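Lettered A, B, C and D in written order, each chain numbered from 1.
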Amino acid sequence: MMAIETAMSSNDGSNHHLVHSDDPMHPANHICTLCAKFYTLGWVTGTGGGTSIRHGEHIYIAPSGVQKELMKPTDIFVMDFNNREYLRRPNVHKPSACTPLFLAAFTRGAGCCIHTHSQWAVLVTLLVERDFGKDACFEIEEIEQIKGIPKGRGKQGNLGYYDRLRIPIIENTAQEEDLTDSLEKAMEKYPDTYAVLVRRHGIYVWGDNVHKAKTQCESLDYIFQLAVEMKKLGLLWTNK
Amino acid sequence: MMAIETAMSSNDGSNHHLVHSDDPMHPANHICTLCAKFYTLGWVTGTGGGTSIRHGEHIYIAPSGVQKELMKPTDIFVMDFNNREYLRRPNVHKPSACTPLFLAAFTRGAGCCIHTHSQWAVLVTLLVERDFGKDACFEIEEIEQIKGIPKGRGKQGNLGYYDRLRIPIIENTAQEEDLTDSLEKAMEKYPDTYAVLVRRHGIYVWGDNVHKAKTQCESLDYIFQLAVEMKKLGLLWTNK
Amino acid sequence: MMAIETAMSSNDGSNHHLVHSDDPMHPANHICTLCAKFYTLGWVTGTGGGTSIRHGEHIYIAPSGVQKELMKPTDIFVMDFNNREYLRRPNVHKPSACTPLFLAAFTRGAGCCIHTHSQWAVLVTLLVERDFGKDACFEIEEIEQIKGIPKGRGKQGNLGYYDRLRIPIIENTAQEEDLTDSLEKAMEKYPDTYAVLVRRHGIYVWGDNVHKAKTQCESLDYIFQLAVEMKKLGLLWTNK
Amino acid sequence: MMAIETAMSSNDGSNHHLVHSDDPMHPANHICTLCAKFYTLGWVTGTGGGTSIRHGEHIYIAPSGVQKELMKPTDIFVMDFNNREYLRRPNVHKPSACTPLFLAAFTRGAGCCIHTHSQWAVLVTLLVERDFGKDACFEIEEIEQIKGIPKGRGKQGNLGYYDRLRIPIIENTAQEEDLTDSLEKAMEKYPDTYAVLVRRHGIYVWGDNVHKAKTQCESLDYIFQLAVEMKKLGLLWTNK
């Protein structure tokens, strides 16, 4: 957090050129179309959630407190990945409290990081706590959609149908920034994971690029929804 | 209600200029885009619900009995905040029965007030009555989305993760206008609340401006949906 | 049915002018926009359901077996209300098997009739049968949305909050046309109803005009969904 | 699989003309609009699922691993039906692992084949296994939407309301291609079926043409969703 605070006071430049592009795949445009889609999926209701893209040495970040489905490229913050200073800080917005958590993923090679408040994710964290205890991961197996999740950083290919999907869960904190420590610990303890659930809060998902982060986030959300419906119907997540 | 009846008979002017603007953020345009969005969220099905914006001394109000997703700026009523007379009353429509309830919020400093028939809100009022009694508020804690709700009028910032969210519930009445008394009593008893649930009916949510009213309404609806799903899964709303 | 069979053989004219209009409120255009909306509401999945509008002495009817969200004005059938002969019969389509049921509503003064396969409607018919028997109506009370339903033909105004909503249920038949008799009997036994549920099938809803039929259909579907969720949560539909 | 591997190595031509057309009903365009719609229905989340159309002796196939709602005609693979060689293989994509399963349907006269990961389909396969055993089909009767499913290849007309719908279920395999054998066995054992469920995975649905495959897929998904909700409410699928 220190680095961010410093950046906030040292740099107020607008650097409009960093967010102006006719290319819909430019990070400033892409974050906006992604967030509009995430809104319709129920992931970023009420200004919740966030999205960040790494583009070379620039980190593009959706601001805090904006209606995600209405976001414009000019709303986007841009940070220098190396010195963590803001190259662009729109005065009307506050930087996202997710920033240090996004950076934790970028430091480990991610190209895009998505944070959602998906209700399926929240319900799964509550069900795991009740049924398997506070230290348990979410675990499920033999669901085809598991094949949408890669094996892990530096490993080739995706999980197989018979692999067990394990998503670690960390406890929520009063301040989002304070999740950074436990998020990083979970990343170290589960080096193959591309996602960490946050109890009573939501999920952080990242990937090598936007395509992977977005489709992994969709696959996980599909699996969480299925898992909740399975619980309602008395069906088990694993064969044990 | 008296004031409204008087206004209805004393003023029939159309004052088209009050609802004509190229600015999508103009209240007459804004109410229409909001209501179209609320329709897709299931909040204003079958002409239910309503929305009102205060713009200086003018109150803009969606009419009664219209399909909310099809509303046009020319459908909008405009009332003078000070004398409660209609500055614009489209002849083809009836004024909203929610008007005195919207005014109760505006009198307490609100800039926008939203009324929905959200099924999650209705189900929550039924569950609270059955499980905690007729006098109980809806109460929940340790859900991240609670941080989307402000602490209260005149207070800085939003509720924290460890704060308990309390939304008062009033009993429904045969006529919507007759909710005004109990709504105002709830506003006085819970001066920090930005929302009041109406049993078997829906919710009134207000905020300092459109952005806040809309995002608070979304955050609350998210929490109500989560709370209903928690009940189905046997999960508790509070640690007690 | 006799009249329809006769019409089918005696009239093959296309009468394009009956379905060509620049006015989005023209019945041929209106049925298309309504059906596209109903598709997104899950009411007319897989070519199910149908919609018909009476326009003077002309009855406009969506055809059988078409993807409702893709319908074009040229797909629409037009029938003469008085002699039940088709003024327009697109050769590529089959007339809707709902036609005699729509006519039963038009004969009783309706201006628009909507048939949906809503799952909430189907589930409600199953729950009523199990919990209250084959002869029971669907009954619910003290839900605000009940006020979206009119008191009955020739009566002023809508149901009140304390009125009990009663929707009769008829048994399904192998052929849709064969529902006509029991639909008409239900209309006679419950002369105030604007809707009849069909067990394991869906619902027919009508109204004085398109606006009323559509908003009544929405209000009923809202109530059925709420009723199903209430059952899941162990909440009662009436105080008895 | 052998044939495909051979094709992959022997043909790298792009043959752009095969996927360029102004006609929205051209298979290359049609697959894209279908997949975008299927995304909103939750059938092809996270690059899951697939769609293929037979157009004369050409088979058009959506590629593997793409975001289905963003697909462009230039993403589409084209295969010669007779010699199973690719006439077009976009270098940036992998051919769909569903290809041999689509071919199994085309060999039996289908004009279009759709594969979804619908959660309702997955849940139904789990409920059938638990309640009726591994060898059981999904069976339901007396639901109007059953009439949306044809009687079988070479038979006239659709199932009737009193016909029992039976959809066979095959066990999932580690590799999608390895489903081909059991899919073909199910097709032979149930020659009238237009769909095969895959346990913990989804469904393959085919039809004589795009219209039929798409509407049959919708009708089945409607029935699966209804069946899951019936289970939650303790309602039976058949009278036995």
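As a working rule, a residue touches a chain if its C-beta (ideal position, glycine included) is under 8 Å from a C-beta of that chain, and two chains touch if they have at least 3 such contacts.
Bear in mind the structure is a predicted one, so any value in this text is a computation, not a measurement.
Participant: Is the contact between chain A and chain D built from the same residue numbers on each copy (over half shared) or from different ones (under half shared)?
Facilitator: Both copies, chain A as well as chain D, present different residues to each other, with under half of the numbers appearing on both sides.
Participant: Measure off the straight-line distance from the CA centroid of chain B to the CA centroid of chain C, and report it in whole Å.
Facilitator: So the centroids are 32 Å from each other.
Participant: At what distance in angstrom does the C-alpha mean of chain C lie from that of chain A?
Facilitator: The computed centroid separation for chain A versus chain C comes out at 45 Å.
Participant: Multi-chain contacts in chain A: which residues touch at least two other chains?
Facilitator: Residue numbers touching two or more other chains: 232.
Participant: Tell me the shape of the graph of touching chains, choosing from line, ring, star, complete and other.
Facilitator: ring
Participant: Which residues of chain B touch chain A in their complex?
Facilitator: Against chain A, chain B makes touches at 142-145, 148, 160-162, 211, 214-216, 218-219, 221-222, 225-226, 229-230, 232-233, 235.
Participant: Contact residues on chain D for chain A in the complex?
Facilitator: 42, 45-48, 67, 117, 119, 122-123, 126-127, 130, 172-174, 198, 200-202, 228, 231-232
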